[in-house]
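Every chain is named by a letter (A, B and C) in the order it is written, and numbering of its residues begins at 1.
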């Protein structure tokens, strides 16, 4: 049984079909990259898994449980964590408080939640920011903070939405290390990404979407040689 | 109260600034507590003591409002609904069933909390402006209903007997016990705020206010926690209403369910600083002083001068000092400390502490 | 209850409803263009009423005559209010926006109370006083004229928005401020225009009302609440919605008063309001 299964997920917005019969699986502890040209429907699929959209049709299963159409908070309880394209850290709080808020999902007692939060903060290398206001951190640091906050809810699956966008090469490398470390803890990652040099080297599997439809699924090597994929990217002015 | 708790509470003056600020804050807090405890012994004139009671009552209502408005970020302009419900519920229970006033007060609070469940279920998912308008509508409807409800005295209102006095009846001829009652209620409401801030509820409410979608992504059910904040706020507001009833011994729809009462409850927090612990207290002191001064100088001619000053203040605060007096003070203190730290005066940066 | 009473009530409901539409049009325009709820909108109506009153009692000029001038004055006042206060809170947090307009509401009421005292005034024996039998119904002339006036002005606003360049610019700003800006439309000017126009419409409603409704500093309070209900019902940002919404609210109010009791009129309207907020928050034609 796969950790995550998308079965013929279709999402329509009025007359626009953003996802059409998208199906793929993700095994526990895998890193799967979801790539495709602009407008491919990656973020839509992503939001369907995370509960921010309800699919028009199709089934999404996490660990065998049907999570199709659950609210975002219910998905989080079920074990799906996510980050956003804009970090959306809680700016009225310190970094530690941000992560603590995440830890509170599984650990209602504050001292214990704070301890877990500190653990995840160190995990992403931000422990020296513990008592600093989240708003005072750089974009790359806030992104890592958002990752720590997401990990604090003890998820089985972490969805990351373009975490590497706009980062310089050093920051991209730092983020890649964080992702690998996450896999090391047993949490699977589904990553929507445009920065291909960040995701291709580390992914176990790549799923390619184009105009709402899945056009390829396989190892990074297989996918990068697929003529369909090459055509899709060449056709898109990037 | 241990020093650690005083320290913590004083940090609530400025929850996110560096520690150095807190020694001053602790001192200010201790001074304030001392003054509060000494007032009944120092103030001789009953009208001045009454003024102090009014300040405490306004502050308590502001603190209660703030639980929803400040921490959960939902602006209610109809909180008089809960105030009135508390006042009417407790008064009716005392008058019609002869129950112990203390129990009636608590019952009033519970009635308001229960009603807030219905209200929350229907309106909390409304965004900002819409929610504010819904609260106005609910309070108005309630006022109309009570104005026409004969059992509750309709427009004439209800009067509480003043023949029996004492703590068992919660009726006193002297103002001093009311002072202690009001101070006690304020303290309890403040402690409730502190308890919320320190608990997971406080974290969740702050998260909801900052980034609702991010909060949902880490498992926070927004409606549920906003509802909790609403019910707690309603409960304490209702207690304030009951206190008013026991003090004035007369309530009618115009005095406890009016829009001006709702405005005052919100204003006190806006003025002092929404989302801060002591903001409403500061706001209550300032607002009540303004009311008294304008009443004294303009002789209550009914010409609306106090309204003009009041309203002018609201506009100025809303436009220039959105984080209220406390927020403005905090920003000033931070800036002067930053200047000192740098050892020289940097160029004047225009800081607007908007939350 | 006879058919005649029913029709009579319906007629008066429609007529007063048209006034509500006129007040609501300004409110919905302001919201549509800049996403700000103007709690002080009722005060524009109040000022229109007082302008009408003073010109009548001091100079003997009939309200209908002075209406264009009053509308112009209110337009200027709306623009003034925008440039002095509202401009500064466009990007402020919602709490500040709510309180800024709320504060203005109280401020204007206080100033009115200070200048003109809380006494009730009225315009007696204007050109339109008296009543009128029409199709077997007894209608007050001021109410009828007010209703007609409201329709005329509403139609004028509608034509302005849909058939002039400036109107199109206003609609464009309402639809997408940034895109409009990229096309060379100055949003600041559009906002000021919306405020001026909104104030003028509310002022006009005030003038029309002054011929039969009591004039006092707090008169805006009832109408602002009703205007909210209308805007909500019709849809925030929709002028057509405000028109039909006004009629619906007017009819609901008087019918409710007839069927349940006049003291509950407001409660019935507000319950309708809450119901719409809960079940169809975007209203009949709104942009939500």
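In this text, a residue touches a chain if its C-beta (ideal position, glycine included) is under 8 Å from a C-beta of that chain, and two chains touch if they have at least 3 such contacts.
Owing to the predicted nature of the structure, the values given are computational and were not obtained by experimental measurement.
K.L.:
Taking the mean of all protein CA atoms as the centre, name the chain whose own CA mean is closest to it.
P.N.:
It is chain B that sits nearest the middle.
K.L.:
Quick one: point me to the chain whose Cα centre is farthest from that of subunit C.
P.N.:
If we average the C-alpha coordinates per chain, A ends up farthest from subunit C.
K.L.:
Just how far, in Å, is the C-alpha centre of subunit C from the one of subunit B?
P.N.:
Each chain reduced to its C-alpha mean, subunit B and subunit C end up 33 Å apart.
K.L.:
Mind checking the centre-to-centre distance between subunit A and subunit B? Centres are C-alpha means, answer in whole Å.
P.N.:
About 42 Å, centre to centre.
K.L.:
For subunit A and subunit C, let me know how many angstrom lie between their CA-based centres, rounded off.
P.N.:
Their C-alpha centroids are separated by 49 Å.
K.L.:
Among the residues of subunit B, which are close enough to touch at least two other chains?
P.N.:
355
K.L.:
Going by the contact rule set out above, which residues of subunit B touch subunit A in the complex?
P.N.:
16, 198-200, 203-204, 206-207, 209-211, 213-222, 355
K.L.:
Quick one: which bits of subunit B touch subunit C in the complex? Just the residue numbers, please.
P.N.:
Residues 69, 73, 75, 77, 122-123, 126, 128-130, 132-134, 136-138, 140-141, 144-145, 147-148, 259, 263, 266, 270, 274, 302-305, 307-308, 310-315, 317-319, 322, 354-355.
K.L.:
Using the touch rule from the top, collect the residues of subunit C that touch subunit B in their complex.
P.N.:
Touching subunit B from subunit C are residues 37, 85, 88-89, 92-100, 102-107, 109-114, 117-118, 217, 221, 225, 228, 232, 261, 263-264, 266-267, 270-271, 273-274, 277-278, 281.
K.L.:
So in the complex, the part of subunit A that touches subunit B is made up of which residues?
P.N.:
50-52, 71-73, 76-77, 81-82, 84, 88-94, 97, 100-102, 104-105, 108, 110, 113, 133, 146, 149-150, 152-153
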